[in-house]
């Protein structure tokens, strides 16, 4: 027997999803910008191809990243994804070898047992079906975990599990039904024919002992086919869309496509590649310090997919970038959030099923028509010429200690510098950008750029990571932009700054915008190692925490900020250091308010360590020379 | 109409009951800390914009409370959102969000009024 | 509103008003703009009540307007007033009756000054003596003529021919009382009923059957403001204050504004015309403006004198609507005729006609 | 030589009087407590809740009543002290009933009078129907209903601080100290009874000196959304629908402000009580510029009068809240005992 009516649902589902995947991919490809198209082509037919395949295997099947961060969760994904892959893979081979003929239609592989009930009695066949049972068992074990996760999130080591919408639920049940139904269907068939291996076989004979297995088998084959069909058909409407999308995304990523600051096919792909695994929720300080657990990236992605108004979610974020680091799919979450911030409020519209299957490319209202900030009142600019330009930044003006230390350092190292915003400067513009108002930020950027150009400086030193990031990314300057930690490091290396060693134990807090934001991790530590004894904390580099004072979050209250700051300070002062060092005025102020330990900027520590240079005028005139010539007579 | 070489002068009173306080309500619904300002003026004192121009957040937010919105509408645009005020505020008022919400409220007013 | 509360306050501001033998000093504005008023007062006091009211022909202005517009220095002012007192002394009077609220304010101010700074009194005596060889005493009793009418309000009520009642409806008329600022705001104890709730006009109105209207801006200045109205460019301030007062009064549907200060009478009357011309706004009902009368004119109407003899037609806002309400018969043809029937020139742009 | 005999007369059965009487009695002295009203308790009786912890005043009254329920205390109510004469080392306390009471030491705890708000004529207390004082409001609280003169529920309520305090026009230069926090407390209580009412406080300065006052102030803004306008109300009048129209300058905006209100609450200040004036004259007791009794020394002798043997307790020396009054009353006890046991007295 080669065909049976019950396979139709499966076939429909299968061919639908293949067709759909192809169409959707084409659409995405079409939507890519021209340059990105080229990139992708090169990426696909070039060296990155191998890399992509490897990554697909490691991430989409093995789920390595998740395994690393959280083994049980990883195992769950692994067993389901990889297991299923194996099942299909070996199923096909099985059908090919043992089937009546070669090169079968997919359903032959899927429902092999039904069509070859006699198969697997002895010899190699038995071994093979044992192998198949093993895979099935493997999957079922993962399924069990998933089930437990739903019931008690604790089991797989997740604090929060994402909330589901109805379609997701249906898809989920159908997914969960697939393997049990296969198990039962196979078992019953095996039971009838006395075939099957350790799993299906044993179960089969067990059921056969008290159930009319022959009659029962058929309906369960139906169930199996149906659940498969349903799952495939619903897939595009649910978070499981991430399975096919991720593959496409990996190619795109490896071809060097990035989110940029505009909405596009790539960012859309990313939103669809989010599997709502919830790792970002665990990583988010707003969740574990401030108890806000409905604004994390997973929810943002979901909101965008179901085109809801995500403006509140978008603005309620510290933009610390911890989730970017943690995301197993490697979605660029913060850039996507920035895009939404620029968008402001999007209008919610109920979509027809058809629209849901083929959502039109998300269009975002361009800059708001309203009361836009205007800075035409800014004063004229005529700075004096200099080599090094020091820009303290707004926040630094609230931490005079940093300014005075920087002055001391600059003078001690004999640099010809000019204090750009000594009498108060204009904001660098990043706060505006973080509020999604790029056009307005431009005005400030242009203003400051002019100042910098006119000063003719070679180097621009700033004490504020917030300014540093924007100087680096959004200013088009032909000067070398340095954060003061980097600048100090250079001074030390070129030997123009003589420092003594302070007997102090120091823990370093990496500011978000300097660390994850601009990738400056080492310089500060080098400097600190040079003058103090630097201790390790549990939150180094990519894994560092946000102090909570972030300008990026417009929504949370002072109290919530404080909660975050307290937790961070507590963490970093665990191995009670003498000084909790940081390199950001905002972090300094925020942390100082949250701990007993002395909080200091690296500049302050360095300034303290400066050795007074011995100048000639300081040398006492030991032997008193006679000034006038002595008359003899 | 006769011209006598002088005219009626508009009353200077803040007509509290006639004024439109919807903007202020919009803000304090979304940012409750708007209510706890005590007019100490720290924000205006430290303000980066205020350094160059007579921009005073303290004044603006009290004008909003009194429904004297016209002046605020233009002035509020001068804020650079740099956040110094948020750091110095003794009552922990989320000043930046107040500015954002004020702009938003004015925008909506314009959009839906017409 | 609780009447007892007011009574309680009034009881604390009982002003002693002489009964007879007044030295009468006229008001610049009143005698030239509302001649009927002072005429009525003298006639009423002398012929009706048979009191002794004396006027001295050499009495001059108190120069208050000059003083309030920073032209006449205080020392000069005091000397001028001292001269009035001297005239009073010479003609043997101790009670002064002042027709003008500005003057009344000036007199009280000066007397209070002398009380607190005796050296000023001495200086003034010296100035006056040097200038005129005259000497003076401070009056024993000082009253504004509205005080005096207030004192005799019941006598007038007894002689009343038309009570302040709307003949058509039988309702009492809504009458706004406006007290000149300088009457009691500077020295509440010198005013009948004090400064917050003065009773000098209210008393008359109630005695004559009317209803006093209490409206939010009742305390507000009429808009006279010497500095403001003297310079044309500044008159807007003066006008605006009047407008403010009337717009707050409007909902109360006043039939009449009664004032005790000649300045207020003039401005509340004439500015109504100006506002009507400028903005087309009127404050009375049925597109009419509200007549503004002095207490003497009103007393005259109450006692049944001929409105034209009282000179009510010499206001900008004509009183016909009021007269109709009061049911007072008047002859439109004789409005601007002299006693012997000669036609006088008719003022232009009168309103309420 | 230590003597428990000897008669101590305490004039005024308010918080201070009862506290000191109770403490003296407990330390074995014979005390006569004279109260002009028929019932002790003074102003506390007229209050509903007490700041900062919003405790029911009745609890405090209960505490006092238990305190003075003591064998050593003779309580004379409905008796008004006219004057005190000193003869040698002892005093004769004359009362309006003609009876004379002999005393070895006298404690004056004559307390304060609430400022008579009628005196601020511009606010029209006693003239406008819906202008009331803080004390009137407390009565409403006790009833549990806030209503206008015509029985309607008010929607917009104004509170004026510093009525009769810090006001040269009524001759009181001092700050009554409690009105600010009372205003805050009452504003919150209003909102608790009428949650839809809008409350506006017109203040010159907000003086939140006491413990937990500032917190109360913040709570009133944060939780109850009370509005604070910096500017003293200059005049009140009524419009055609008998609503109150107030005028003030919003000093922080720098412009005059006008507002319609349904009800206006005047935060009446504290003044030296009428009844104690005759006493101070008859006994030649010094009073300060604020007309309160001025103690012998502001730091060490805040309970002693300029006449030896006369002592002060509570608000007859200056505005105080109940906590301070009680401590002041306890302090006087030690002074009195010291005086009584002084041999050569």
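Chains here go by letter, A, B, C and D, matching the order in which they are written, and residues are numbered from 1 within each.
Basically, a residue touches a chain if its C-beta (ideal position, glycine included) is under 8 Å from a C-beta of that chain, and two chains touch if they have at least 3 such contacts.
As the structure is a prediction and not an experimental result, all values here were calculated from the model.
*Asks:* Between C-D and A-B, flag the pair that has more C-beta pairs in contact.
*Replies:* A-B
*Asks:* Mind having a look at which chain is the central one, using mean CA positions?
*Replies:* B
*Asks:* Per the centroid of Cα atoms for each chain, what is the distance between chain A and chain C, given in Å?
*Replies:* 85
*Asks:* Just how far, in Å, is the C-alpha centre of chain D from the one of chain C?
*Replies:* 46
*Asks:* Need the CA-centroid distance for the pair chain A / chain B, whole Å please.
*Replies:* That gives a centre separation of 38 Å.
*Asks:* Per the centroid of Cα atoms for each chain, what is the distance between chain B and chain C, given in Å?
*Replies:* Chain centroid spacing, chain B to chain C, equals 47 Å.
*Asks:* Please list all residues of chain B that touch 2 or more other chains.
*Replies:* Correct list: 32.
*Asks:* Looking at the whole structure, which two-chain pairs count as touching?
*Replies:* A-B, B-C, B-D, C-D
*Asks:* With touch defined as at the start, can you tell me which chain D residues reach chain B in the complex?
*Replies:* 206, 218, 221-222, 225, 227-228, 230, 247, 250, 252-253, 255-260
*Asks:* Give the list of chain B residues in touch with chain D in this complex.
*Replies:* It is residues 12-17, 28, 32, 35-36, 38-39, 58-59, 62-63, 65-66, 68, 91 of chain B that touch chain D.
*Asks:* Would you mind writing out the residues of chain A in touch with chain B in their complex?
*Replies:* It is residues 368-375, 377-379, 394-395, 397-398, 423-427, 429, 431-432, 435, 437, 444, 549, 551, 554-559, 586, 589 of chain A that touch chain B.
*Asks:* Mind pulling up the chain C residues that touch chain D in the complex?
*Replies:* Chain C reaches chain D through residues 1-2, 4-6, 8-9, 194-197, 214-219, 248, 251-252.
*Asks:* State the interface residues of chain D toward chain C in the complex, per the touch definition above.
*Replies:* 118, 121-122, 124-129, 235, 237-240, 242, 245
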